[in-house]
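Next up: some structures, all given as structure tokens.
Here come two complexes built around subunit A, the first alongside subunit B, the second alongside subunit C.
Take a look at the complex of A and B:
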């Protein structure tokens, strides 16, 4: 029995149905490269692919002369280093966010942009001088280009271009991928100096502050339609920013939990309907900080809100650091193990320039309570801290 | 002479595949085809074992009871996982499932097809599916250039 129709001549809907069963972006790219009909019948920017296993973006290569536009990304699932051309990620720029596969960059101008390393699509966010506490910006005030005012509004101080780039913003998180045409994305930034939370909308001109949320500036995550921000002691600010609000001011509510004491840094992770708090413990070694432990909690309502200890993550793996925290189901991907926390350096507000030692990154095993090195960082690879620190990015085709 | 129920649903018979709708009519009529299964387009020749499995699945997938449907899907997926289904047969079943608009049947077999594509290089996929490369060298280079990292083999 012979079929006169072969695989390349299937109807477009059938081809698309098959392509939608592919869950890894590399497989999907290969699929679209098989023949013309398969290519035409599938979208260049697929929305069905689930969140991919994060890649680790390496610091700049120490050999700056050779092909400095290439950035290295390590894939845990392929156990390979990919080289991607990303001239936008130059050394004069500072990265302050990795969310939905997009990186946020600051530079020595007020401009803020986001870029997807895989597609090289770039968008602009409102500039730094549009933050509410920036009262003036002038390139003629060399070394003091920005004039800012304090929270109380009575004291003015200045900042240089470099200082603003390096320390004004701690982290930027998105509500959805900036490339989604059907959805307007919102960005939330944690302002380092004041602990303010600032937000903007796709296509917006200015950043606005979220009122009264200054204490909740350890970490931010987008969860169930709102931005959740956490303080050092576990208090949550729920910022309902997306959508239109009647009086022009977003709705902010607070969840006061039992005091979380201990630990050096807090992260929030959205895991389905659950909100997790991940506390990082550091130890000061010889001129360097080293992570020794993580503790995980989940938000529960039982005689009031509290953070309940989570001893096991089962099949889930968490990725934390300067990126927007991500929870991945380990069984969906090769090279990822469940019940582990994959972490990178995250000391943005501390003096990074003076730090010695190696990067503080690795895999924390919740079961044994031990820290192991990432597969790409063997003993031989260590050659001190390099700029910028490594960061997790969930590679996305859109 | 086999009789099969043609429902109000007009079968969209692709002129390029004369085997669909033709070959089984001349074969021995199976009791299920005439009386119990309301199949607008008869199942093509995919080998006796798979034919029975597909027929049974179609029957059960029409059930009102969700448990019956779920069990049927699991049985089908089990079968697909453990049995070697030839690439030509797979093509026939996929097209058939599409024609009879059985979403769950199509789903299960598309998964199988996707499994064959996972983790393979482009040339390997072409070989498995017997597809000829119809890109010019220039076109192929251009599409690889979109995501060079994915082609570093």
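Take a look at the complex of A and C:
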């Protein structure tokens, strides 16, 4: 290729406009490393990039002696494993969310923090002892550090540090990237024992309960400006938490559909303007379980609200598991196929140590109804379950 | 028989191009010049060469002449035209982007942005190194930092 052109001389606004056409992180980073002028003319944290193809964060590997701070992330599009130093993700902490590229961690203190593995930026959410049902916390009550009260408020019970870390919160979902630079964000947590939904906002000190939404605690997703929570049977609670509400109480409305019976787990996925319900079917054996099927529905209004069966997703691929569910357009990314559901192990009913076999994860093909292994899971590389289970995370630079 | 008004464009090399007004106003810059009454005799475009100007006119003409319908064939035809249009060497692309930016033709500008972005997409570090070497770009020291983020190991 012959040329006498000096591309570094291009005007900043043209460089920026070209950069806006890039959809993939790696391409954007390469773009910024072309020359000093191109680097100067483009923002370090691109906000225009669409949601990236999720990486799979592996559990700690068995030989973690010297390099326990390194965590492995598998990228479907590159077919590569990235090793990132993330000492914050040690085994004494429990991960309870992966949303907008940030991981949420609990530890054996009341602290809750979020961290972006790529940028290593970290900050705190309000602590566990700020939940409305936590009446007391004292480190001197060894083994019973937390005192909680039931919903009715009449019975008190205690929990240890470990118990709170392991089972108090099921999942945390964000309305937008919880990065400092950005606008307000809201976090919604599903409280495991009571099924409550609790929320906090950027910079807040406490978690508050969303009243009346206890039953809808299977999964939560941020969709069209509100948090949508689903019950086991398909009822939706629409929680309008963002913005100002006059009496200090967020508005909650319910969408009642026909009873969704069957299935072991429910997920909600936001796909553009549509809300999808993804039902996961497990085959439960003796000390082992595995996913056999997924069924997808979309919320439609026709003589009342109902979940209408969706037989194919065309170019879309869904990513479900412990993470905040994500829908990706497969043709935007290499290594991703449409009409498939990429899933990870998410069965919290069983104490993790007690389960045998391999991790319950793979790719479900909606067309054929079959489950295939993920490309990174070969017998050679991995065997048996390990804590914590793998999780999808959408790599994000902000 | 209908008469369409024509506009004369005079470029860097002193050459004049006579185009139909409907084609000439595709570039917003020219449209504004005409509205402002600066187009009595001819519109001066001193910073654009004949080669580039004739290419731009060709693109504007094609897009004006193709009916603005949702018809599949028309869309496919335009797409194919655009695809061939940007198959140019880097020198032409560079001159084109500057000219089209000056002329302010949104659709064509978008197309060129995408073309250049596609040149960056999916390059391996080795291919990028080659491009850098050929084009003698200044290599930023920040690359080392960005490489650290994506230190990869193939398994």
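As a working rule, the second predicted complex is superposed on the first by the 387 of 398 C-alpha atoms of A that agree within 3 Å, B and C clash if a C-alpha of one lies under 4 Å from a C-alpha of the other, contacts with A are read in each partner's own complex, and residues count from 1 in each chain.
The rule is simple: contacts are C-beta pairs under 8 Å (C-beta built on N, C-alpha and C of every residue); 3 or more make two chains touch, one makes a residue touch a chain.
Quick caveat: nothing in here was measured; it's all calculated off a predicted structure.
After superposition on subunit A, the partners subunit B and subunit C are seen to clash.
Of the two partner chains placed by the overlay, neither subunit B nor subunit C lies in contact with A:215. Look at A:121: by the touch rule set out above, it reaches neither subunit B nor subunit C.
When both complexes are overlaid on chain A, the residue A:70 reaches neither subunit B nor subunit C.
With both structures placed on the common chain, the touch criterion links A:373 to neither subunit B nor subunit C.
With both structures placed on the common chain, the touch criterion links A:34 to subunit B and to subunit C.
Of the two partner chains placed around the shared chain by superposition, subunit B and subunit C are both touched by A:22.
Of the two partner chains placed by the overlay, neither subunit B nor subunit C lies in contact with A:282. On subunit A, the surface patch touched by subunit B in one complex and by subunit C in the other comprises residues 1, 3-8, 10-11, 14, 17-18, 20-22, 24, 26-27, 29-36, 39, 80, 82-83, 118. Subunit A meets subunit C in the complex at residues 1-8, 10-11, 14, 17-22, 24, 26-27, 29-37, 39, 78-83, 118, 376, 381.
Interface of subunit A with subunit B (complex): residues 1, 3-11, 13-14, 17-18, 20-22, 24-27, 29-36, 38-39, 73, 80, 82-85, 118.
Listed in rising order, the residues of subunit B touching subunit A in the complex are 14, 16-19, 23, 45, 87-88, 91-92, 94-95, 98, 106-107, 110-111, 113-114, 117-122, 125-126, 129-135, 140, 143-144, 146-152. Across the complex, subunit C meets subunit A through its residues 89-91, 94, 97, 101, 109, 113-114, 116-118, 120-123, 128, 132, 134-140, 142-143, 146, 149-155.
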